[in-house]
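Each of the next two complexes has chain A plus one more chain, namely chain B in the first and chain C in the second.
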Partner chain A sequence: MKQEALKELLYKMADDQLILGHRNSEWTGMGPLLEEDIAFSSMAQDKVGHSLVMYQMLHQLGENDPDTVAFMRHADQFHNCQFVELPIGEYDFSLMRHFLFDHGELIRFELLAGSSYEPLSLAAKKLKGELRYHKMHADVFIKKLGNATEESITRMQRSLDYAFPFAMGIYEPSPFEESLIEDGVFKGENHLKDLWLESMTKVLNETELKIPDPEAVKPVVGGRTGKHTEHLQPLLDEMAEVFRVDPTAEW
Partner chain B sequence: MESLDPRVQRLNIKQDGKDFPEKPELDQWITYEVFVQLVEDKPFRHEGIVHACDLDMAFILAKEQFTRRYTCSGIAVVATHEIWVSPLTEDQESVLDMDPSDWPDAGKEGNYEVCLLYRRGKQHEHAGQIQANSSKDAFRMTAEAYPGDAKPIYNVWVIPTDKFRFSTPEEKEIWDTLPEKRFREAADYKAGDKLTNFKNAIK
Partner chain C sequence: MATPDKNTIMTWLETVKDPEIPVVSLVDLGVITDVVIEQDKVRVEMTPTFAGCPAMDYMRDEVLQVLQENGIKNPEVRISFDTQWSSNMISEKGRQAIKAFGLAPPPMHDLHVDIEMLEQIACPWCNSDDTRLDSPFGPTLCRSIHYCNSCRQAFEQFKPI
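Up next, the complex of A and B:
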């Protein structure tokens, strides 16, 4: 198994989870209703937890410790897709991103449960239940707001249209795609993308929302190779502010 | 006063609060009652309420409100207004000894879930399912079946089974990692110990 390929896979997953987890945690205390505030915050916490598991795995492979990796890198050293770094916007966008991202993330973990790299397959089996809940949560809200009122449908449609090219960018193929598939580590981004399209289309078909044509959309890529929007660095500065004051502080 | 929270600063809220739209009074969703089963084979116990627009939303919100710690094997949610509630008794008086003839009735023939309050100030526990002609009929049947020498029951809830949303066996995996989520327990932060150590260190 090629370590470089494995590390690339782990880094992009971990960075997606950390950045989206941090973004979604920005809603803590400001959610649209108390119960949803708690649920959304809790799922954000799950995401950060997943990234920790991935960073620990990378540490086992010789990378720096999780705190250093999470808090001390510059934006261009991050491998997350641009989708997860976009500002939270209004709640319709955050919900739509949560829906689009976690449909794919659940399938990713289901595929990785069968990975030939045992630490990853064990982690995926263990954590996929949490993602199952994230998907259930997203589906309920998307079905409600995608059918409710003219305003809710318009807002969700606008968010879907805006988010969709970025969401397609989650599946930017890695340069190690073939090696990962050959070694049985992961079935590949293209395979995952097809399953993702199928999965989220099924839910959106139960709403008034129109899915953009994936063939006609140009995916927003670049995040995997460190090309980011202007939104990532300020996020990192804010996230790491306390850690950088005193990296040895105990919590 | 300006907030130190960068998220709040980004909202650019005007100090006079005029940015907030006026909301009509009581503009909120109805309530749903949440029951939690901590481990398999133990009875479901009433844990609290969530606001929601329907059963599915009540279910997903209940999961994070009431099953974030310890263990969970299943949850059940039902709209508050679907619950038939008996009067409340205290001390040695058991509500099951009361004559329900004059009480209002509800529901039609079908299956009902019966929940009993064993101790005042505690939560209702699921006691079992019963086939009955109505809610009050289910209460009567419960009273007849309940051993006369057992401890008093202070309140009874009767709920039509088909009004519930129960978690399914396949959904159980959403609680798989729960026992390991120690970081969500207040005690796990050991704040008291840290404070003591800090105080000792600066002495």
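Up next, the complex of A and C:
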């Protein structure tokens, strides 16, 4: 098993979880209704918890400790897809992002439960159970708002059209795809993307929303190699503010 | 002092409660997965209920403290996913304590929790299963929010996972 390939896989997953977790937490105290405030806050806690599991695994492989890795890197050292760093926008966008991301995230961890890298397969067996709740939550609200009023359908459609090319960018292949597949670590981004399209299409077909043609969409890539939007660095600065003032602070 | 056996140590650990549901011990919750005794070293194996559970560090410190109070020198706690926690691991005693605390205990499941299961959770107050799911997320990571159509009370459930 090639360690470089494994680390790349772990970093991109951890960074996606950390950054989306932070974005979700921006709904704390701001949700459109109390239950949604709680749901996004809970999912934030889950996502940051999942990233900690991945960073701990990286630490075992010789990388820096999780806090240093999370708080001391510059934007161009992050491997998250650009999708997760976009600002939360209105609730319709945050909900659509959560739906598109978590359908893929659940399948990713279902696949990883069979990984040949044992620490990852053991963790995935646990995390996929938590992710079922994320998908369940997203599906309920996508079906509600995708069938409710003209305004809700229009807004959800606009968010879907805007989010879709970014969501396709989640599956930007890594330079190590073949090695990961050969070694049985992971089934690969292309395989995951096909399963994701199938899974989310099934839910969207129960709504009034129209799915953009994946063949006609140009995925927004670059995040995996450190190319980010102008939105990531301000997020990192905010997230790391306490740690950078006093790395020994406990909170 | 001779090192006590595993059962004795498990009895001590029953005094450590889940800080978010202070009526259920870590043993009944199923997060203590093993006690390994090698010569005079004691190591407790734990697994998190949720990866992002903020109470995990607190629970580990409590376990260490109980072991030290009982005379174990340099005890260790190892937290891992070697055994993955599921709500099926909560003991019958734990389930009863959860219900008495006012939370619906999680139904047993085949590890494929779906929304149908959550739409008819028995109300911890009146036992009716004419209930609905209000939100799969609640005030802590391990709880969901429900409403009982029969006694017209909101209630929380310890989520099946």
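As a convention for this text, the second predicted complex is superposed on the first by the 251 of 251 C-alpha atoms of A that agree within 3 Å, B and C clash if a C-alpha of one lies under 4 Å from a C-alpha of the other, contacts with A are read in each partner's own complex, and residues count from 1 in each chain.
Going forward, contacts are C-beta pairs under 8 Å (C-beta built on N, C-alpha and C of every residue); 3 or more make two chains touch, one makes a residue touch a chain.
On a predicted model such as this, the values are computed, not experimentally measured, just so you know.
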| item | value |
| --- | --- |
| Superposition on chain A - do chain B and chain C clash or fit | clash |
| Touched partner set for A:53, first chain B, second chain C, both or neither | second |
| Partner chain in contact with A:238 - chain B first, chain C second, else both or neither | first |
| Partner chain in contact with A:132 - chain B first, chain C second, else both or neither | both |
| Partner chain in contact with A:144 - chain B first, chain C second, else both or neither | first |
| First, second, both or neither for A:35, with chain B first and chain C second | both |
| Touching partner for A:122 - first (chain B), second (chain C), both, neither | second |
| Chain C region in steric overlap with chain B, selected from 9-17, 45-53 or 63-71 | 45-53 |
| Chain A residues contacted in one complex by chain B, in the other by chain C | 35, 38-39, 42-43, 45, 126-127, 129-130, 132-133, 136-137, 140 |
| Footprint of chain C on chain A - complex, ascending | 35, 38-39, 41-43, 45-50, 52-53, 119, 122-123, 125-127, 129-130, 132-133, 136-137, 139-140 |
| Interface residues, chain C side, partner chain A - complex | 47-48, 50-54, 80-82, 84-86, 111-115, 118, 134-139, 141, 145, 159, 161 |
| Residue ranges of chain A touching chain B (in the complex, touch as defined) | 26, 30, 33-36, 38-39, 42-43, 45, 126-130, 132-133, 136-137, 140-141, 144, 238, 250-251 |
| Chain A-facing residues of chain B, complex | 6-7, 11, 28-29, 50-54, 56-57, 59-61, 63-65, 68, 171, 173-177, 184, 189, 194 |
